[in-house]
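The same subunit A turns up in both complexes below, where it pairs with subunit B and then with subunit C.
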Partner chain A sequence: MEKVLSKIAEVTSDPYGYVAGLKERKNKKIIGCFPMHVPEEIVHAAGLIPVVIWRGNEPVTWGHAHVPPYDCGITRSFVDDAVRGKLSFMDGFVFHIRQCLQAGEFPFIMERHFKPAYQKILYLPAIYPGDATRDFALKELESFKTSLEDFTGNMISDDSLKKSIEIYNKNRSLMERVYEIRRAKPEILKAKEVMQIVWSGMLMPKEDHNELLAELISGMEEKSITPQKERIKVILVGCLCQTLQFDILDLIEDLGMIVPDDDLYIGSRYFANPVNLNGNPMKALADRYLTKSPLCPTKGVWDIHWGDEAIKRMRDNDAKGIISVRVKYCPPHTCYYPDFRSKMAEEGVTEVMIEMEHEIISLEGVKTRLQSFAETIGGV
Partner chain B sequence: MSTQYKINKLDTSGVGPLVDRHWRELREAKEKGMKIAWCAGPMFVYAYATPNIASHFMAGYAAYCGGRGMADEVLEAAERYGELRDTCSYHRLHTGMAAMIMNDWPVSNPQVLLPMPDLLIGGRFCTEMSHYMEAIHRRFGVKAVTIEIPSARSREDLPRLEKFLTNQVKETLIPAIEEVSGSKFDEENMRSILRPWKETCIIRNKCWEFFKKKPSPWTLWDYGVSIAPVFYAMGKPESLEYYNNLLKQLEERTEKNIPAVHPDGEKYRLYWDGWLPWSFLGKFIRMMIPYGAIPIAGRYPWEFFPHPEDINTEADDIIHEWIRLIYTSPNTLSYHDGPWGGQEHIEDLIQTYSIDGMLFFSSKTCRMWNLGQQEIIANIEKKYGIPGIVIDGDMIDSTMVSEDQIRTRIEALLETIDARRR
Partner chain C sequence: MAVVAGVDVGSLCTKTVILDGNGKILSYDIMRSGHYYKGAAEESIENALKSAGLKKGDISYTLGTGYGRGAVAEADAEVTEITCHARGAARLFPEVHTVIDIGGQDSKVIGIGDNGRVTNFVMNDKCAAGTGRFLEVMALALSVDIGEMGDLFFASKEKVDVSSMCTVFAESEVISLFARGHKKADIAAGIAHAIARRIMGMVGQVGLREKVVMSGGVAKNAGVVRAIEERIETSLLVPHEPQIVGAFGAAIIASERMSATIG
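The block that comes next holds the complex of A and B.
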């Protein structure tokens, strides 16, 4: 188990080096998929390696000449990486520009500074009622598939797509198993390690990640845990598109809390909902995109409540409170948050929101908030 | 600054009464048994064209509150309700107003309050635009219909996006309007509004042409405040009357060589990008005028609304015809609001209107027009040698506007223009 975790930590500690090396080792082209909703299976079926674009590891410098400081962390960090040439190993990019406004300017900036060999703009629609939405989403995915066929010169057959979906579904079920064991034995992994496990799956070929997960699960199943002290269970919610600073995750645990489950993008949201393998695979991928739960505020779903989902997760895990992680300048989450908080108040759920930025976070300020939260729910 | 420049505004006083009447009628509509629709995005026209529905649209209300200095109180109410500061200020304005109404909070200026809607029409043109509809639906249970209106990033995408929007409007929006109004959607009524509207907009476009004159007889701010009659008196004779009067003034000024800036016209002709800062129009122009600088042309005030002059009011499918304006018509809003189309359009504007420098207004809470602004400045400067700057603030939120910082940047732009002229 330690060996696997060490390998995973290696991948996530230097995603640039890892992905560049991957390209050499596998002799395949790399396609960066901007989070959160690009169906990577289609890229995989085209014989390419899809990787999910990540928030960088350095403060933004040159990027500020290209995007305003009031764009979110991953937007500024990704643009900074691109204009500084840190992503030169990428052969192409896919941007779903209807997710949020900020995603809409990447292709324009990329064309001017990066000139990728392949670039695709996706207009996946908000999940509004009606057949028009479903038809359009399917056509968008078909146009994505065609663009990859044009780029590679290879047709993507239904069979090859189904094989890719199988590999991705396998990954989802393995990740679900990791979470299941974690729910039963929350002390078995640190929250930081869980995030690294999910994140590594966004960087590694899923086949390789599946092998690691199988080994990890075996180790997790065998390992018995005797908690040294009672910890207060909390659920993390939010943090769309990007990683959360590991320091914050450590801080949560240092304050006597433990995370048995989460509703984070680099967390359970990423591997939720397997793709149905019966029938047309493109339709099945469209159906997965059009699934309303877990609710994503970028998808315009208003007939179910994000707060209800989070509360259910909290109660299912016998957790005592919810920590919302909001990325500064993330409009979809920011717009939704007041209603999320109201729902918590209505249901008598203790919740705290921490705001994170890319470069600087005042850990002391976050610590104070979390400490007070932990005291409220009965910890520390 | 040896020359003492002074602004010589056009007479736009006809706007105020039209604005007041519009909002007064909306406030009184419920008492008259009408249904109320709050709308975001250009789909509001379908509600407007329904006789027993009185409609509001998001940007219009924000411009009204901002222009009348009433926004701060509502934004404070939104914050009290729990909205966060970096949320779109138009969003906060609406959720703040709804919170004031539903919680019966005291209000110093009752004019900010509108009747709560019977229908929310959320046109998701900007991906953030529909959030306030969703929020009001969740909070107060108001019926909502939301429509995806993707902005095109290439001209090739326009036809399929147009088809998608048409399908949605026919599938979900029109039936929702019919359900709320209790009557079948009246296409002929829509035509009867669009016919005079088209006529009005043709006159408006003639006025716009006067920005080509040197010196200019008016500023972009005169044009900006004149947007109101297009919406607030849509399809009504007062709207046409207003623009005919405006055109007459412009013709007279041109004939008599009366410029928008005394004593002898503008020294700097500036392009203005992004939203008009409705709460701060006076503040911004006062930073420019002492130097003889005026905003001449802009992408948003020209593009932000489909151009009815391009519409065929007799088209068999008038529902689709309106959508065509957003996509495949010559003045394609959907393409020009994005960075590629935006740059094409700005290049055209700076050449056509003899622009000396560019001011890109970047909103801290609304990124719709911010996309690619810094790239566009660099691209245009490289191609045409015309300098540009970004000034950041907000359309209506006074806490987001730093006057001194903006003034310094404007001064820097004008100095750059001077240096290049030498």
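The block that comes next holds the complex of A and C.
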């Protein structure tokens, strides 16, 4: 287990070096997929390596000339990395521009300044009931597939797509198993380690990640844990698109809380909902995108409530409260949040919101919020 | 009977409250925190001990709170100022359901349940807007003593809007209001209303439930208190010494912990 965790920590501590090395080792082109809705399986089936774009850990410098300071962290960090030539190992990019205002800016910035060898703009629809939405999503994905075929010069067969989906589904079920064990024995992994495990899967070829996960799971199954009853269980919710600062995760644990489950994008959201392998694989991928749960505020779903889902997750895990992490300048999350908060108040659920910024974070302020939250749910 | 202490190390002031075994305040101290919180905590405890006629060894349990709660070397434990202000306010005014606390560098609005415990809270600690530090800078810009700011509010005759809440921008706004011929009292009232607008937004997030207590050093400014009352259309309960509510709450929790230990 320790060996796997240290390999995973190695990958996530230098994603640039890892992905550049991967390109050389596998002699394949790398396609950066902007989080959160690009179906990586199609890129994989095209014989390319899909990698989910990440937020770097350095302050934004030259990138300021291309993106406004009121864009979210991953947007600014990604453009900054591109300007500074840190992403030269990437051969192309896919953006889903309807996701949020920020995501809509990329294709133009990238096209104008960096001219990647391949670039695709996806325009996946907001989810309204009815066939029109499904047809729209399917057409978009078909055009994505065609653009990759044009780029590589090779057709993507249904069989190869199904094979890729199988590998991705396998990854989802392995990740689900990791979470299942974590729910039963939350002390087994630190919250930071869990995030690193999910994140490494966004960087590594899924085949390699699957091997690591299998080894990790057997270690987790064997390991006996003494439950720390005094620790208060809490659920993490939100934090779209990017990694949460690890310091915050450590702080949560240092303050006597423990996280048995989450609904973060770099968390359970990423591997939720396997793709249905019966029938047309493209339709199945469209259907996965159109799945409403776990609710994502970028999809425009109004008939189920994010708050209800979070509360259910909290109760299922016997947790005492919810920590919402909101990325600063993330419009979809910001717009949904007042409604989320009202739901918490209606249901009498104790919740605290931590706002996370790319560069500046006052850990003292975060500590006071988290400690007060822990005191409230702990009955001080 | 166990004597306990609550020490609230704030960014601007450090406060200590000493309680006797029956929960009665034996003494308290308020002093500037300066730049060395550990030293400020020690000195404040010493001052409070002296006024109570006690010595260090007489304290059975010390609880640290506030921004510098980690710096209280004597502390047996630390609890956040949010929990402590809630506990202190609930002891002073058992019918309280909302606490507005404006301290030296941050402001908080705390929701309190019927059991006197925190239900929810919001905190503004991103900048000094509307805090004690903000008022100090504004008093300097107005060339008045900080203590006079509250009285000036009531002498105001004309409505003046201070739109900026950023300490730096508000300072230049005050100067330009002078340049336009506005009176000190009107500008001071404008500043109080600007603080009140900001607090109103925070109260909206937590949900206004009466009774409302105001704690923290800014509660000593009657102008700000009145401006907030006008905004939220509710009268505020202000303790006799609003600055020590956090330290008082800390001492109450210290007392509870002592009784739990003694059994």
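Note that the second predicted complex is superposed on the first by the 375 of 380 C-alpha atoms of A that agree within 3 Å, B and C clash if a C-alpha of one lies under 4 Å from a C-alpha of the other, contacts with A are read in each partner's own complex, and residues count from 1 in each chain.
By definition in this document, a contact is a pair of C-beta atoms (placed from the backbone, for glycine too) under 8 Å apart; a residue touches a chain by one contact, two chains touch by 3 or more.
Remember, it's a predicted structure, so these values are computed and weren't measured experimentally.
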Subunit B versus subunit C as contact partner of A:R98, first or second or both or neither: first
Contacts of A:Q119 with subunit B and subunit C, given as first, second, both or neither: neither
Subunit B versus subunit C as contact partner of A:S77, first or second or both or neither: neither
Partner chain in contact with A:G365 - subunit B first, subunit C second, else both or neither: second
Partner chain(s) touched by A:V67 [first = subunit B, second = subunit C, both, neither]: first
Touching partner for A:N317 - first (subunit B), second (subunit C), both, neither: neither
Touched partner set for A:E375, first subunit B, second subunit C, both or neither: second
Where subunit A meets both subunit C and subunit B, residue numbers: 341
Contact footprint of subunit A on subunit C as seen in their complex: 67, 79-83, 106, 117-121, 123, 125-126, 205, 207, 253
Residues on subunit A engaged by subunit C in the complex (per definition of touch): 341, 345, 350-351, 362, 364-365, 368-369, 371-372, 375-376, 379-380
Touching residues on subunit B, where the partner in the complex is subunit A: 81-84, 86-88, 91, 95, 124, 126-128, 130-135, 137-139, 144, 146-148, 150-151, 153-154, 157, 160-161, 164, 167-168, 171-172, 338-340, 362, 364, 367-368, 370-375, 379, 390, 392
Residue numbers on subunit A that touch subunit B, as the complex places them: 65-68, 70-71, 97-102, 104-105, 107-109, 112, 121, 123, 125-126, 128-133, 135-136, 139, 297-298, 300, 302, 305, 328-329, 331-332, 334-339, 341-342
